[in-house]
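Data first, discussion second: the structure below is written as structure tokens.
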Amino acid sequence: MEFDDTVAVGILHSLSGTMAISESTLSEVEKMAIGEINASGGVTVDGKTYEVTWIEEDGASDWPTFAEKAKKLIDQDQVPVVFGGWTSASRKAMLPVFEAKDAFLYYPIQYEGQECSRNIFYTGATPNQQAEPAVEFMFKESPVAGKPFFLVGSDYVFPRTSNTITKAQLASLGGQVVGEDYLPLGNTEVAPIIAKIKKALPDGGAIINTLNGDQNVAFFKQMQSAGLTPDNDYYVMSFSIAEVEIDTIGPEYLADHFAAWNFFQAIDTPASQKFTESFKAMYGEDRVTNDPMESAYNMVYLWKAGVEKANSFDDNLVREALIGVTFDAPQGPIEVMPNHHISQTVRIGQVTPDGQFAILSTSDGPISPQAWNQFEPSSKGYACDWSDPDKGEKYLL
Amino acid sequence: MPTPGSPLLELVGISVSFDGFLALKNLNLQLAAGELRAVIGPNGAGKTTFLDVITGKVRPQAGDVYFRGRSLLGCNEHQIARLGIGRKFQSPRVFEQLSVQENLSLAVSEPKTPMGLLRHHLTSTQRQRIHHLLDVVNLAPRAQHRAGSLSHGQKQWLEIGMLVVQAPRLLLVDEPVAGLSDGETERTADLLKSLAGDHTVLVIEHDMEFIRRLQTRVTVLHQGQVLCEGSMDQVQRDPRVVEVYLGASQEQQP
Amino acid sequence: MTLFFESLFNGVAIGSVLLIAALGLAIVFGLMGVINLAHGELMMLGAYTTYVVQSIFKLPPLEPLFGAYIFVAVVVAFLVSGLVGLLLERSVIRRLYGRPLETLLATWGVSLILQQFVRTVPLAWSTGLWLAALLGLAGPPVVNRLWGPRQRPWLLRLGSWAVAMAVGVVSAAWIRGTLPKLARASARNVDVTAPRWLRGGLDLGDWTLPIPRLVIIGLTILAVLAVYWFLNRSLWGLRIRAVTQNRAMGDCLGIPTQAVDALTFAMGSGLAGVAGVAVSLLGSVGPNVGGDYIVGCFMVVVLGGVGSLWGAVVAAAGIGVLTDVIGAGRLLEIWPRMPAWLQGGVEFFATTSMARVLIFALIVVVLQVRPAGLFPQRGRMAET
Amino acid sequence: MANIRSRWPQLLLGVVGLALVVALPSLVSPFRLNLLGRYLSLAIVALGIDLIWGYTGLLSLGQGIFFALGGYGTAMHLQLNCHGCSRAPGGLPEFFGLYGVQQLPWFWEPFHSPWFTLLAIGLVPAAVAGLLGFLVFRNRIKGVYFSILTQAALLVFFNFFNGQQKLINGTNGLKTDLTRLLGLMVGSDTMQRYLFWLTVLLALLTWLLCRWLVRGRFGHALLAIRDDEARLRCLGYNPTPFKTMVFALAGALAGISGALYTVQSGIVSPQFMAAPFSIEMVIWVAVGGRGTLWGAMAGALVINMGKSLISEAWPQTWLFIQGGLFLLVVTTLQGGVVGWFQEGGPRRLLGRLGLRPRLSTYPALALETRQEGED
């Protein structure tokens, strides 16, 4: 294929360190999407076709490094866009860099919300697109409906904030939270937490789990051996466990527990199957796809659509053009909303013994994202709208 | 305050044991001010342990050590050193990365605190002492050389120099002539003799010729106890000494 | 009363993981004065070994025996980590005896390399590699013992290395073929699934004892007894103790001190491998698993006193119980009518992370009273 | 007086260096300049490590604590005095809003004052180091024990800062890029240029301070502690205050270094207290040459540059390279690179390669000892 020119985008995930396990899959998917875009004619701007190439940097699971590498991609390599990040901490570290330099970051992970930067485009779920429906499901429809809740998470910002919201939500639903605990990052001794859960939920209940990476393994293994299993009415709803994680934890430990996502590999639509098949063809038959990967895949396509709509690579033009762009994603149709988040479909899945999810419920069509949470008192009544200069980051509805 | 005539150093009933092995047993010893005393004894007699007790490195299980009438038990090594007890170790221990002069200036410095070293320069008296000592121990030409580059004998002397430059009341000298040539041994003996009087000197040594040259009172240690005391001739004639010493030396000396 | 036993059990359970992880470290540190910062990575190798053994036991001919794979894994992990330890001692540590700080830094370098090694070398190939190294090293002595000394030792050595390489390559290729999961290098964690009998809990009325914890406690007791027996009752143990106390004298008495060093280090490393099997039952297995445990191990060694097996046992149990009592907020249950100001403080520390902070502070306090640990070794050489 | 002639090259070097420093911001891109400034600030912590390890023989694996404390102090001040930043209710720094904190934690209060902050950057780390050091050294804990304890202390601080979201924003850390200092945005190119110069100046001053310390009798006492502490005690020295003081000083230097590093990288986070970072600091010194001040500084600069460049090109290989460097330096290059040059390494290497006849005659040896005597 002949291109008139090339455009290099920035990819910034952890390729080394603890987060490399998860983040490297995003980098793989983004490269796959770029390959697909090139195969179908690249990006067209002003009648010229551009081949998309990439400059990849390693965030090394270290937040300051993310900030440094973001500076490098913007200043040194002058990329028009950066796809990157996973942890909230890495996003928070990069945010001032992108704001100071008025550049644009595309961030693919479901997160705690309470943020709405002009210089970030969020393609993951906000709490009302994942956590809130999940908690509502546990409280109303799950096998432990009506029973008390225990919240457990890793000790950093996403679990803490997410649990603050969950507590506010359960209070308004009339549910009961009987305890919460946080495991420091890098610590896998979960025995004290399990002892607390056992004490707080003597007759079973719902456990909302926002543990991170490796810690899930220890948690589920020891939950099972302590007898806190679905058979005994202990059901865990996890916000960070997708197909990739099941693969490394082992379905034996996870079977019958729940997760909430926008995308599951098990979604039975042509777009979804094509996505999974392309990925397997490129990276190996035994690989699986999951929600963060789908989200990363979407954001590359949304960027292309935004650029072509703006007819320019310029950040500020793309930023405006992006709002209202739609894409037929593997999860179903999505649309970019004025608050730099996207509307998405919400699904609840239950882990099956073969390491996949059985989809139990699907929302009626895409749900609009709320950057500012409506259960949390400090942000209640606020919204974000970048299409209107008078509203911006945070305005009262 | 020590009364005149009372001993400078007094060990009373010292016992030390390591894991059940009694290194010192009820050891008693007195040293008068200005005295030069030699201590001999076969290997394992407890000579070095006895110095360790005085300098605070080893705490005895029983007994007490008095220096100028004051108990040393409970004092740290550096406190004891500051009271005026200097020690030369068995194998020469000098600071090999420092030059000869730097070794001596560390020893002569006063007060020996971080701020003392940073704030005060060496006084002219202190510098004179260093120069004098460099001449005495014959190291003036090598003053700027690293101590590590000195020969064994020169290190021995440097260490003695470091002791003397502090002007301690009591010098504890552990095997000062081990590995020295005859000439050097002779000079060392003369040096120690010249120090006695102004200082009190306690010498531990294996070399009988050297001890004889010191012409002084000798204490024989055996199995952690004082076996006998007297002049070299007296001691050598004592049958007990002959028995333990010669007997032991036949077995143990290589 | 249940509270007391539950707390005790939890504490002992946490402590036993610490102890089994720290045991090898304590031996190497206590006997050789070597701080091995790659100890955690040797554990990681043990955990990966468990994964490989488990994967092989999932294949049809062995599948009925799956429930027993863990026993095989313990032995193989001991051999693999011991072998790596042996190579490490021969190549690096040996040059650094008497320079503990340098050893510490060098072993940190080794730990980085081992971490990156499991990320970049597919498990199939590394399995082949360790197998080949094991056969190549063990071949000549075994042949000599079975059929008497050979006439041309170099030929034997050459032959055994050739056979070893062939076996290594063939087995690596076979694993690549039959277990595609092991064929590709990956920075991702792997799933070690305990056999079914090891996954549940033992029900005692309203109290459940997790079986993996019981097994680890058992394994730890066994390991401690084995180490005790080895050091105090066997010939090599006698030699090790002799060399520890006086190396020069040991040399003079004809004790092969170099072999003693190598053996001690290999044994400590092998124990790390066994610890790796144990932790794979509890948590994740990945390149970073070593880092999670190493500082805890050091705390046990420092608190217990160098070279004291008994000290390590008490320290591990103590830290374990404290972790549980503080971290799970049990103080409030033990003493429900605590004054309010104290209650605030207790709650502040009643999280796992703050419990760690407090325990470290306590260790520093203990060291003020007993600088050489709880059970220091006494002796003439104690302080120089 | 004959020395003046031999000083010419040094003087020339100084002038060229100064010109380079002044001109550098217009020669390289802001990004590279920023990197250089950050690495230069790391040279300051390296100097501190050289003091305690290279000269005094105390291997601290916990310098990250003091480094981060300096960084946090700066960032707290900047966050409090951030005019025009978005704020949480009550005018608190924004992140407090995430956790519903209404009241500024007490220990933030004094950081409103710039003078207090400037003092705290050095004194808080020094006080923490001094206290920890005193407790440890008093009991004659040294060698690997000391290293392990510092590493454990590091872990404790890491846990504490990571876990205390409501007090200090936990894992996320504190950001400075969008804050203002003296009316300029900290992340702006102009401010970064000033910060670069400030870093050069402070690095130079630190170097002079360390040089003054190690050349005098104080430095000799440190070497004596390293080589034979028991002997020094018997000379009437108490090593504890020396060690405590030098450890506290190294802590202060780490704090200053952390403060400079934070404003130039735009964020301070508990990651600064992660174990690997603190051990890396030791490698810089080891590779550069411990016991030589230049070596420590050069090691920090060169290794970090190398890390940046290598990880841009091959992100996966850095750990291998780092591990290898460790082994190489520890097993064969004990004096580090600078030490290797000083000990005549290049000549030996050439000799070994057969490129130059070996000089092992008496005049050569004499020459060598004389050189030793001179420096």
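In order of appearance the chains are A, B, C and D, and numbering begins at 1 in each one.
Rule of thumb we're sticking to: a contact is a pair of C-beta atoms (placed from the backbone, for glycine too) under 8 Å apart; a residue touches a chain by one contact, two chains touch by 3 or more.
For clarity, every value in this text was computed on a predicted model and none was experimentally measured.
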Checklist line | Pair joined by the larger number of C-beta contacts - B-D, C-D | finding: C-D
Check: If every chain is reduced to the average of its C-alpha atoms, which one ends up farthest from subunit D?
Finding: B
Next item on the list: Provide the C-alpha centroid distance between subunit B and subunit D, rounded to the nearest whole angstrom.
Entry: 43
Next item on the list: With chain centres taken as the means of their Cα atoms, state the distance from subunit B to subunit C in Å.
Entry: 48
Check: What whole-Å value do you get for the distance between subunit C and subunit D if each is reduced to the mean of its CA atoms?
Finding: 34
Next item on the list: With chain centres taken as the means of their Cα atoms, state the distance from subunit A to subunit B in Å.
Entry: 75
Note to self: Two-or-more-chain contact residues of subunit A, please, as numbers and ranges.
What the structure shows: 16, 155, 182, 184, 187
Next item on the list: Check each residue of subunit D and list the ones that touch at least two other chains.
Entry: 159, 162-163, 230, 316, 319
Next item on the list: Would you give the residues of subunit C that are in contact with at least 2 other chains, written as numbers and ranges?
Entry: 119, 291, 351, 353, 356
Checklist line | Touch list for subunit A against partner subunit D, complex | finding: 15-16, 56-58, 60, 62-64, 67-68, 71-72, 75-76, 87-89, 92-93, 95-97, 99-100, 114, 155-157, 160-161, 164, 182, 184-185, 187, 377-378, 393-394
Notebook entry, point to check: Which of the residues in subunit A end up touching subunit C in this complex?
Noted result: 16, 18, 20-21, 24, 155, 181-184, 186-193, 195-196, 213-218, 221-222, 224-227, 244, 247-250, 252-253, 284-286
Margin query: Show me the residue ranges of subunit C that touch subunit D in the complex, using the header's touch definition.
Written below: 29, 33, 35, 92, 95-96, 100-106, 108-113, 115-116, 119-120, 291, 295, 298-299, 301-302, 351, 353-354, 356-357, 360-361, 363-364, 367-368, 371, 383-384
Notebook entry, point to check: Which residues, counting only subunit D, touch subunit C once they are in their complex?
Noted result: 53, 57, 59, 132, 135-136, 138-141, 143-145, 147-149, 151-153, 155-156, 159-160, 162-163, 230, 275, 279, 282-283, 286, 316, 319-320, 322-327, 329-331, 334
Next item on the list: Using the touch definition up top, name the residues of subunit D that touch subunit B in the complex.
Entry: 213, 216-218, 220-221, 223-224, 227-228, 230-239, 241-242, 245, 369, 372-373
